[in-house]
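Letters A, B and C mark the chains as written, and numbering starts fresh at 1 in each.
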Amino acid sequence: MQNKNELNIEMFERLGVDEQQSENIVRPSMSYWQDAIRRLKQNKVAMISLFFLIFMVIMCIVGPYIYPHPYDFQNIEITNQPPTKEHIFGLDDLGRDIFARIWMGGRVSLAIGVVGAVISLVVGTIYGGISGYCGGRVDDIMMRILEILVGIPYMIVVIIVSVYLGQGLHSLMIALCLTSWTGLARLVRGQVLELKQSEYIMAAQALGTPTMKIITKHLIPNTLSVIIINTTFSIPGFIFSEAFLSFLGLGIKPPLTSWGAMAALGQQQMTYYPHELIFPAIAISITILAFNLLGDGLRDAFDPKLRQ
Amino acid sequence: MSEHLLEVKDLKVSFHTYAGEVQAVRGVTFHVDKGECMAIVGESGSGKTVTSKAVLGLIATPPGEVKKESQILFEGKNILDFTDKEWRDYRGKEAAMIFQDPMTSLNPTMKVGKQIMESIMLHNKVSKKEAREQAIELLRKVNIPNPEDRLNQYPYEFSGGMRQRVVIAIALACNPKLMIADEPTTALDVTIQAQIMKLLKEIQTKNDTAVVMITHDLGVVAGMADYITVMYAGCIVEQGTVDEIFKDPQHPYTDALLKAVPNLENENKSELQIIPGTPPDLISPPKGCGFATRCKYCMGICREKAPEYTDSSDTHKAACWLLHPMAKEVYGFENIKEVFENEK
Amino acid sequence: MVKYIAKKIGYMIVTLWIILTVTFFLMNTMPGDPTQSSMKVLPEAVVENLKARWGLDKPVTEQYVIYLKNLLRGEMGESYKTPGLTANQVIEERFPASLRLGLQAVVVSLIIGLILGILAAFNRGKWLDFLTIFIAILGVSIPSFVFAALLQKYAAGGFFPIVGWAAEGSSLIEIFRGTALPTLAASIGGIATYSRFMRSSVLDVLSNDYILLAKAKGLSKFQIVTRHVLRNAITPIISIVAPQIAGIVTGSFVIERIFSVPGLGRYYVESVSGRDYPLIMATTIFFSAIFIVCMVAMDILYAVVDPRIRKSIIDGK
């Protein structure tokens, strides 16, 4: 029961609706990108991955210049040496410094990953964009071509084309990019089609919004997140494919090296000198892990609906 | 006093989220007798769906938590103390539920007939053939034409209204004593809504089933319910018979809800009134009345202290400081109706 | 439905034809004549003889027609390097090991991956869930050849042989002994992908009202899982099994090499390195055919299992 003494007449004074308090849940307004970047910054794992990747890129660029041992110098007297103070990752079977080679190999691996992703991004976006934007017959034909390309086993195309073009960085890149853009093209097409039919685009058109503004304010922001996420996830795919090919001896050729090629050499020496496999393997694994975690973080930041 | 079929006492349910503990239901008490229909009305987030799910033990724990002091008595037994086995015998057989969205409440990869038979065979010792006969009978009962053929179809081959009929058929499968309908018509077209409500009413009277109807639309329940419970921000603000609620609302929220229902018969053609503002955040519920910030009649006390229930008849009670003798003294009105009417 | 299957098979044939045509002309324009690639210079007459034997004296288009005709008869060509060795013999001899490795890897990764994914979803936020996420992330981040090498170093040598394979027809234990490590190495990627996918698929299904309705019917947890959750959660997995099979094919190139498995994948890589064009062509077409058939089979299976997909196909998308 309530205590009568606690209540007094003044408390029953009429106040009415308190506009401020009834609407006080309004949050500060923030653009989509600001919000996404804020969410990304809050994601520790993704930020650590991002900084790690930046570190790897910088080391691959400057590493070979500041490290005293050249990557291709063969010190035949001390081959297969385990890590020492002088050679912190040890030496390989030809007496080459593994630490130096990691950064040289990283150049190739990362370059293939990034360039491959950028090429598929450009081709995929243009192809998917045209297909979705034009619609009708053009869309029909372009999608049929795509359906056939998707049916071709990726690795086999890559192997056949790199056999044809000969081994080397450029032919490897062409081979890897030949059909890799199909996934993104499908995605972009789907997005464009969906946007074309979406009511808010129609609403914008009905309000007389200029086409350029619709493209910059609606189409690009809505497809860009999908493209960014997809591209981040595709980089590890390229690094993996290159590693596979080089591991099989079908990829990069000496004196150039890559993490995959180093792992292939290391695997042969593994029984007695495991460090020759372990360091390149760690380099690949952690880099790919970082790309995957960054991709997860980007996906969460750009599309909270997808979060599981 | 005799035992009620369902008696909910001081039900409190919280959800533990990353932002903190959301107190979705904060002490709800009501009861339903055999053959009665109780409507629980409130806007989204008022805790009405959580209440209904608690009655069938469908609150996922974690993140949900039914507080210890809560009691839900079904035929005198506290179902919150049930073992898994008791729960399974209770669900479907004693109490059944109809969900809001018929598009998602049927398993898309299982034939409709199988989904009905599943329930029948679970609770009765019948052969597959008998269960099939019963399922056909049920589909006929809920007015689905060609039940023999429909039995072998998948949910996607049904329209929204037809699916809701199937969901009702599933609920009816074991002749439950209590049926809980969570916004059964919200996702449907207006014309279909009326059919479904009629069907539910028929079932209620024919089988003497108790129905708890959850809705945000007072108009929907007018012809169906015997009692109405109005919920706001996890609490019951007013409870009474249909007539009492419609003709003599005691709480400003109920009054506002009634004024928000379009009504053709309304002679003075007053504009539909909206309720400005949004419900309070239930992570840190207000210490006073939950409706205080949106209430036209808000007084100083309303922000400070939660109001107690004031009974205006055996069946009618409301929680509002305006009903307190002191408020009447200050403003000098006899009847709360005067307050609501003078405002126009 | 029949139309859909016919369309899929039509695409399959077109795709295969494009692959074999492109492969044929690529291989034909490759620099270097097989008759010149041998170490010693052969006498003119021998070269002519060899050219006639391989049909290289005819124009390319005619060679192509002959090649197609032979393919339709099931003859896939003859090695340049080892005269008398036909591609059919190679496939017959080498494919069983690859098939066993591939199938075992698919089955193992499906079983382990699905079970892990389901358990993780039902224990969301508990240690088993974190373990599954951990395995899934490691599995997609570590190349299978690293796993294979680690397994070889640390698990092989005792009961399991370091390299080698079980001969066909050996006892079950022998087969297990010989194939366990390569299979496991080939399965890691699949385990990671399936468990991650299955976890989110189960969580997705669990959030549906029909699961709540099943519970409201009074079904036990076990009945809900077996009757309502699994089927709906596994269906979308079918769509990722096909690309995964492709991954196992390529993964097997590496794994067959590390464990010296006498499979077709390893032979393929060897013939690519050795530029034995007829064998490259034959194995390319063979691998592609298997891959494409798998993809189409999965598409059709998907439509059969999920009535909604079937409907969208019948409605003509």
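In this text, a contact is a pair of C-beta atoms (placed from the backbone, for glycine too) under 8 Å apart; a residue touches a chain by one contact, two chains touch by 3 or more.
The model shown is predicted, which means the values in this text are computed figures rather than measured ones.
Greatest centre-to-centre distance from chain B is found for C, with centres as Cα means. Set side by side, the interfaces A-B and B-C show unequal numbers of C-beta pairs in contact, with more at B-C. Chain A has the C-alpha centroid lying closest to the overall centroid of all protein C-alpha atoms shown. Centroids of chain A and chain C (each the mean of its C-alpha atoms) stand 25 Å apart.
Chain centres here are Cα means. That of chain A falls 48 Å from that of chain B. Between the Cα centres of chain B and chain C there is a gap of 54 Å. Residue positions of chain C touching 2 or more other chains: none. Listed for chain A are no residues, as none touches two or more other chains.
Chain A makes touch with chain B in their complex at residues 1-2, 7, 9-19, 21-23, 25.
The touching residues of chain C, when paired with chain A in their complex, are 11-12, 14-15, 18-19, 22-23, 26-27, 29-30, 137-138, 140-143, 145-146, 149, 152-153, 199-200, 203, 246, 249-250, 253-254, 257-258, 268-269, 272-273, 275, 280, 284, 287-288, 291-292, 295. Of all residues in chain C, those touching chain B in their complex are 208-210, 212-220, 223, 227-228, 231-232, 235, 305-308, 311.
Of all residues in chain B, those touching chain C in their complex are 53, 56, 58, 84, 87-93, 96-97, 99-101, 104-110, 118-119, 122-123, 154, 156-157, 167, 170, 173. Interface residues of chain A, counted against chain C in their complex, comprise 147-148, 151-156, 159-161, 163-164, 236, 240, 243-244, 247-250, 260, 263-264, 266-267, 270-271, 274, 277, 281, 284-286, 288-289, 292-293, 308.
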